[in-house]
Amino acid sequence: MKLTTYSTDQAGLQAFYEAIIRAHDTYGPVEKFGKFDFKKVNSLSECDPESPIPRTMSVKPLFFPKSAKVMKYTATSAGTELSDTAEDPLAGKRVILGVKHCDARGLQVLDAVYKWDYIDTDYEKRRENTILISPRCDQAATHCFCTSLDYDLETLDAVDVAVINGADRKIYLQARTEKGETFLKENATGLTSANGSAEAEMKKQYETFAASFRLKMNYQEINERMQGQFDSPTFEEVPSSCVSCNTCAFVCPTCHCFKISDEKIRDKGVRYKSYDSCNNVYFTLMAGGHNPRPVKYRRWRQRAMHKFVYYKERFGVNLCIGCGKCTTSCPVNISIFEVVTKVASSMQE
Amino acid sequence: MDYTKQIQDIAGRLFSEGKIDIFIGYRNTGFDENQVPVLIHQYKDVDQLLFTDKSVFNLANYLKYEHTRNKRVGLIVKGCDSRALNLMLTESQVKRENLYIIGIACEGVVNETGEKAQNCVECMMPDAVVYDELLGSATGKREYQVNADIRELDEKTLTDRVEYFEEIFENCIRCNACRHSCPLCYCAKCCIDQETATLFHGANTTSSAFHALMTWSLHLAGRCVDCRNCEKACPIHLPLHLLHKLNEKVIYENFQEHLAGMTEGDRGAFYKYSLSDPDDFIL
Amino acid sequence: MARVGVFVCFCGANIADFVDVPAVTEEAKKIKEVKYAIEYKYMCSDPGQQMIRDAIVQHRLTSVVVAACSPRMHEKTFRKALSDAGMNPYLLEVANIREHSSWVHQKDKKAATEKASDLIRMAVAKSIANEQLHEISVPVTKRALVIGGGIAGIQAALDIADARIPVVLVEKSPSIGGRMAQLDETFPTLDCSQCILTPKMVDVASHPFIELLPYSEVMELDGYVGNYKAKIKRKASYVNFDTCTGCGACWQKCPVKVPNEFNMGIDKRKAIYSPFPQAVPNKPVIDAEHCTMLLKGKCGICAKVCEKGSIDYTMQDEIVEREIGAVVVATGYDLWDPSPYEEYGVGRYKDIITSLEFERMVSANGPTGGVPVRPSDGKVPKRVVFIKCVGSRDEAKGIEYCSKICCMYTAKHAILLHHKVHDSHAYIFYMDIRAAGKGYEEFVKRAQVETGATYLRGRVSKIYKKGENLMVRGEDAQLGQVVEVEADLVVLATAIYPYKDNPDLARLLGISYDKYGYLSEAHPKLRPVETAKAGIYLAGCTQAPKDIPDTVAQASAAAAKVCGLFAGDTLKKDPMISTVNTEFCTGCQNCVTVCPYQAIVTEEIPLGHGSKEMRIVAKVNEGVCQGCGSCVAICRSMAIDLAGFTDMQIINEIVSI
Amino acid sequence: MEAEIKEKIVSMEKPHMEAPPDWQPVIMGILCNWCSYAGSDLTGTSRIQYPPNIRIIRVPCSSRVDPWFIIKSLQTIADGVLISGCHPGDCHYISGNYYARRRFLVTKKLLNFVGFHENRVQFSWVSAAEGAKFAKVVTKVTEDIRKLGPLHLYKKENS
């Protein structure tokens, strides 16, 4: 499809953002306790769309919140009546600024599972009604390795509108989806059309960006090797310094495990769907008392294999998108990149 | 503060003498200047070890996991770490005879931005209190001082504090990283994961976060050694130390106790009482 | 699925007048788990209880809530009703809608009704989490240990033994008898102390159910009510009691002289001695601290003169163990040391003595043959000054409390002095005369009239020497002037004080004691004989100052308690006690620290199923736990719970108000 | 008429939140069985009146009260909590209330620090003989909390 592109300068971009914030429900990366997190914003000053990677949280919470109401109920001797929860605050039409490409990729990966045999309507609605505006990264951070995980120029359809800092000091805004297309057209005021001319600049920008990566892996190879690694002893030693704190899962843009819990007071109850993590000892505890993953390394293995093998097998995409958020947030600085490369390479030994 | 050499020597010695099965220390991540705690099982790995002012994480935490239980372990402890260890000994979570402890007379560690961490600036007992050998020269106990942030918050009005803390509890995602990284949270199953809690606080809502964090801080009242593992672990960077420091302040002002785990056998303020405890707040 | 029955009581008009009972019942019916709800005039009446019994069967109820008066009132009644209907009695919950609603909100019927409904909802919520509980029965060893062989110990031992329950009586000195044996005559009847005491002492020695262990001390007591094990040290007496006839040859010949404790050190005894002529058992012991044979290995005369060859210098202390079910502590009292009263010249002037020294002097078997004499020159005193409340009721120098007996024995002393020395005169300085007791006031009057003793109300400020006599300067508060009395002898009514090793004993027994060292009773009014530790009882002055009648009364009371405890073959206990969930227990032992009854011990269990490694967990001793719940609140891992007040029950209540 | 003169009650912690006109505070009372609960019974038997806002839970001893109970109460329906036990030294279980006293103080201060007005959580020693005192205490606590208005901090969704 033909991609509409506009060009502008820094001031123009700011104006563009401000216009959007005025016109739409807008979310952006807001600084909280020294880390960036996506929050609703009412003026550009509140947020920084260009905020540096890595961020604490991805945009995931705006589609799959840490805790969401599933239903309400009232239990009396007359019986138990269910009632719908109040309007889903995330379902409305909205724009998200400053989405990193990895975040958007994360959502793309999640779509696979959410639109699988059971369609999660809430999630679908949230996705449909959201426009993702994504400034392209110029510089990789310490733990980034997204380029190794099939992120390249061609698969930019994860974002609706990409913002690219051209090497010619111009800033290009490019629609990458139909949603983006229409949106961009609607909000193009003050932007100069730059169809076609952007491609070369983008390529340059991408190359410099790709060059800035310290972490690189041959994904195909890793993936193939890992498949045979279920019983690899490496799994037992590598994560021994892990404290099973679950942080990695909670900050991961693609982790989607959840638990269901009720909170009942008097005769009224609410049912919630909240984050959970496979690193949690009790995650696999069965009613009978059996726990297939009682020890840390098994949970770790599950996590690594799920990220790099199982999901791919099932949905054709890799679950890990190489954003490095887990490594950044890890209290003991364990790097998933290091672990999987170690495991994969351990085969030759 | 750099004891890399000494620690490598000691660890090497311990392995070659067959005194230990595991040595818990720090190594470089290999990606940045941060360090990863590492569990070493054999002599040949000791050269990974290092110890600098970036060796932040409290290693006593690793003594609560199955793979160190009832093994002979050598580990490095700074002042605060050693007091946590002392409490674990008192609460019979570890056996002293299984441990070879390298105590550090700590000069303070640095935070992400490279300056001395707050808890180190305010540290009241930088030297290890339990050890088999001590590295560095002990500087001894210091005067109790109220935490800067606490002092600041105390001056705020009630409603300001309400806003401040609501921010905190709303942002908590309940990953429980704070709990898992705390060496003194060694319970087989945390009360927060038990039915009595999950039936009413199972979701990751703000109210549940409040409940969880309050319970947690009260369970650590009079025990917290201010190593700030929890705060470092928190992905949202919540200022969790506030809760602990407040408890510490209250306990110090009312029961004249602080510095948990200074001596083995001291379980902390909640597990003893004095007839002369303050009574004026009771009708 | 829970099926709760709710039974709301009108309590005649008591509830119905201020709470809309039918409305409350309707409200209760709305609760999900409530399958049956009904109101009635008097739930506690027979028809009321019958309703409950029937409903339990008809509606297959899993728990019952009675909304009526305070559970402290009728909980037992209704529990019985449940068990009569074949339901576990502990599935009952009582909603207190009378004391907590109708009676206290009489002006606001609407609010009272709402509150009643809330209280019921809470009770229902709690009852859902109720579990079936069963009375705990603990086996009992039917043997009692009595510590102390004074009148209290003797009386308790005899009473228990007469109930055909074996008693072990432990006395630390060579003979039983205690303080009472030192007394001459006793108020208010002036009958001779020895004459009424010695028969009892003999009974003890000869009683088939009493094992007398003189010259012994309790070293250890572990276990719990009904199941104690006591380690008792039998101090080496160096005399074989089995062969010794108590002829006395040894102590007549013994060359070593030692101040005689029994006579308050007024005269001397030998290194081998029997404390007093009527001693029980009347066998001598060797005082190892003074015997030259034992100290230097020289002498050995007693061995030579003993025809039976009962002397054995090689004898060692031995530890005997006894299994016992209950303990009576009767360690008696000591005298408070008056030395802080320097202005009296205590210690400086020989002729100032304590009341007990005076008691020994005037005693027929005393060191001076029953005649009081001045320690300084052995003259018989004519003018004797008695000073009361020396130490007692004196926060500045002594102790706050009143020693209770001084008023009476000082009156007695005045009479005894008058009897022994007819031309003598007694001056008595006093603060108040406390003569509460049968025949006591009369006795004091008698002393005043019969002896003409001068009662001077006021405190003594100074005693100084004048020639060979003492000048006692005090204040006569009634005349409001200073008086000076010249005295041949001054007798101080020194305060009663617990033995200094009482606290050690208390710690050894695991019971509490007050700031002076008196052992604490469980409740000052309602449980004056029990201690906080089940199965341990108090008798006599070890608990507080008492005179002989009170002491004997308390001793018999303690005995009655012991007999009551031993009435059945097992002890029945309320099942509302702590239980440990070993799965969650981390073995941190905080519960052990906070338990006021040492009811929690630790045990080792395998780490996992069939694993070799062991881990420590807490274990509650059913026999000892009183169910306070301190351990539950302190347990961070929620591994301990309190049956009847589980976390689940209480939280259910909280979230349903 | 009266409603007009009565000024509006707002939540102490969140002044922008106003109490509904018919609002009544709910107070969770946790009483120890041997002193305070007996005391509250005495209040009843002697017909001493007090405000009907308190809901009473019976526990064996004040030392049974886990700070949990306070937090949970405040998070569900209650606007305030009153916990009462035996006077120091009178504890039926010897030392229970001494341990409790320490926990209570720290809990109170901590809650106050994170934004609960100090009067939200109150403690009292009420003996079995102090029926009148119990009434007085409840009245005071109720009035205090009425002044503070409804509690809106970290409440459960459906409370």
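Every chain is named by a letter (A, B, C and D) in the order it is written, and numbering of its residues begins at 1.
Simple rule for what comes next: a residue touches a chain if its C-beta (ideal position, glycine included) is under 8 Å from a C-beta of that chain, and two chains touch if they have at least 3 such contacts.
Nothing here was measured: the structure is a model prediction, and the numbers come from that model.
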Mutual neighbours - chains that touch subunit B and subunit D alike: A, C
Higher-contact pair (C-beta pairs counted), A-C versus B-C: B-C
Distance between the centres, which are taken as Cα means, of subunit C and subunit A, whole angstrom: 72
Rounded Å distance between subunit A and subunit D, as computed from the means of their C-alpha atoms: 46
Inter-centroid spacing, subunit B versus subunit A (mean Cα positions, whole Å): 32
Multi-partner residues of subunit A (at least 2 other chains): 263-266, 270
Multi-partner residues of subunit D (at least 2 other chains): 68, 72, 76-77, 95, 99, 103, 156-157
Residues within subunit C bordering two or more other chains: 594, 634, 647, 651, 655
Touch-based graph of the chains, sorted into line, ring, star, complete or other: complete
Of all residues in subunit C, those that touch subunit A in their complex: 29-32, 34-35, 121, 655-656
Subunit C residues touching subunit D - in the complex, by the definition given at the top: 70-73, 96, 98-101, 103-108, 111-112, 114-115, 118-119, 122, 512, 532, 576, 594, 596, 626-630, 632-634, 642, 645, 647, 650-651, 653-655, 657
Parts of subunit D lying in touch with subunit A, wherever the complex brings them together: 76-77, 156-159
Subunit A - residues contacting subunit D, complex: 69, 72, 263-266, 268-270
Touch list for subunit A against partner subunit C, complex: 75-78, 80, 264-267
